[in-house]
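The following pair of complexes shares a single chain, subunit A, combined with subunit B in the former and subunit C in the latter.
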Partner chain A sequence: MKNRLKVLRAERNWSQAELAMQLDVSRQAVNAIETGKHDPSLPLAFRIARLFNMSIEEIFDDQCE
Partner chain B sequence: MTNANESLRADGPLEEGPAGMPAWQRYTLIVLCSLVAIFALAYIAGVTAAGIEHGIRPRTFGLIAAGVALGGGAAWLGWKLYAGRPMELVAPRVRKSNQVILISGAVGGVIGLVLALSTVSSDPFALFTNSPVPPAAAAFGIFAWVACVPLLSWIWLRNIDEHEAKANADGAIAAIYAYLLIAPCWWLGWRGGFLPEPETMITFIVVMTVYCTVWLWRKQA
Partner chain C sequence: MAYEPNTPTEEDRSRAYSLVWAGFAGTIVTIGARLLEIENIAVSIAFGLAIGGYLNSVFHRRNDDYFNQLCASGHRFAATFLCVYLFGMFIAELYDVSYSLGRAITDGGESQREVSGIFGHFSDGPLLAMVAMLTFYVGYTVAYFRGAQS
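On to the complex of A and B.
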């Protein structure tokens, strides 16, 4: 699943480790989500959306592969 | 946008810090150093036992000194690698799961140490063979294993994040299929007369190697 996580994180000048800290996951998890190798669960997707003050659909796109 | 680009560049999939080696490489080396240190202890115990049995000669002191140098060097290198790891922001649950892995390694090290020091054998490699061990040492190893593995695994599983849980599940599936293939084939091959008798610990080590390889690969992917 494609997502805008990397761009949103970069806009805030956060490192992967800083974002991982805020989401209470490992840096590897953030990297896997950003590169599309891991699709987050619904609870984690909600945590990400709340952190960036956006909706899940604004961050994740399930239409294109 | 310059800052954003710099931030993106700073995060490679396997990069731990600006000048640090990848985390998997550092921790693999630490585990290898620990194994060499335990092996050296077993070697020293074996050489000492052989010396007592057959008489201590100047050569015995040389062999013991070599063992001390090897074990001490490995322990020193392992400690330097551990102490020199870059400090990275880590989420509380990740720190806890990492601590559980370190405690597991320490428990394994203590079991190995007890077995190495209690195995009175002139064979320096006795720890890694099927040679008998004292009943008390065997009972200690069994108790420590049975008491610690389920408890530490439960704490670890409760603290890992979903990405690590997926990597763990992938590793476990690969491991169970490795066991499914190895155990019956080796057993049938032995009964057919063209393979040696099945060795439980070799099967265990192969299965755990498959598990760890897939787990670490999926975790870093």
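On to the complex of A and C.
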């Protein structure tokens, strides 16, 4: 699943570790989501959306498999 | 917000990934040492790492979803190995029973063959457990490189 996490993180000048800390996950998990190796669970997707003040659909695109 | 002193930090969660790689290396060393019959302190430390990495995979509340998915893939590999092993034992047992039965019917007596002969190859329990642990690490690694999708 494609997502805009890397762009959103870069806009805020956050490192993967800083974003991971705010989401209560590991740096490796953030990296895996950004590279499309891992689809986050629903609770984590909501946490990401809340953190960036956006809806889940604005961050994740399930049409681009 | 409630004070939770044991809540894992990002560093704790990241450390879990490193521990798995150390455990993988430890498992390879442990199995190699067992096959070559080498015993020393380095092998004991490698064995400890191997078990630590495997044990860490079951504490799912301390780890994140991604890590748990990678571990789930590893556990599937280990379970598959055990199923194949048990199926092999089942086939071997059928062979032993049918052989003994055939001897009893044709000769009317006891089988002279040692019934448990075939099981000799399957009976090294510690080695079996170590190979199952190795298949866990292989499954984890496969998922890590291919991607862990839910």
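We adopt the following convention: the second predicted complex is superposed on the first by the 65 of 65 C-alpha atoms of A that agree within 3 Å, B and C clash if a C-alpha of one lies under 4 Å from a C-alpha of the other, contacts with A are read in each partner's own complex, and residues count from 1 in each chain.
Quick note on the criterion: a residue touches a chain if its C-beta (ideal position, glycine included) is under 8 Å from a C-beta of that chain, and two chains touch if they have at least 3 such contacts.
Here the structure is a predicted model, which means the values were calculated and not measured.
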After lining up the shared chain so the two structures overlap, which partner does A:Gly36 touch, if you call subunit B first and subunit C second: first, second, both or neither? second
Between subunit B and subunit C, point out the one touching more subunit A residues. B
By the touch definition at the top of the document, which applies to A:Ser55: first (subunit B), second (subunit C), both, or neither? neither
Examine A:Trp14 and indicate which partner it touches, taking first as subunit B and second as subunit C; both and neither are also allowed. first
Based on the superposed arrangement, let me know which partner A:Ser26 touches: subunit B (first), subunit C (second), both, or neither? both
Return the residues of subunit A at which the contacts from subunit B and from subunit C coincide. 17, 20-21, 24-29, 32-33, 37-38, 40-41, 44
As the complex stands, subunit B meets subunit A at residues 3-5, 7-8, 10-11, 13, 88-94, 161-164, 166, 219-221
Residue set of subunit A touching subunit B in the complex reads 6-7, 9-11, 13-18, 20-21, 23-29, 31-33, 35, 37-38, 40-41, 44
Which residues, counting only subunit C, touch subunit A once they are in their complex? 9-10, 13-14, 16-17, 63-67, 69, 147-150
In the complex with subunit C, residue positions of subunit A that touch it: 17, 20-21, 24-29, 32-33, 36-41, 44
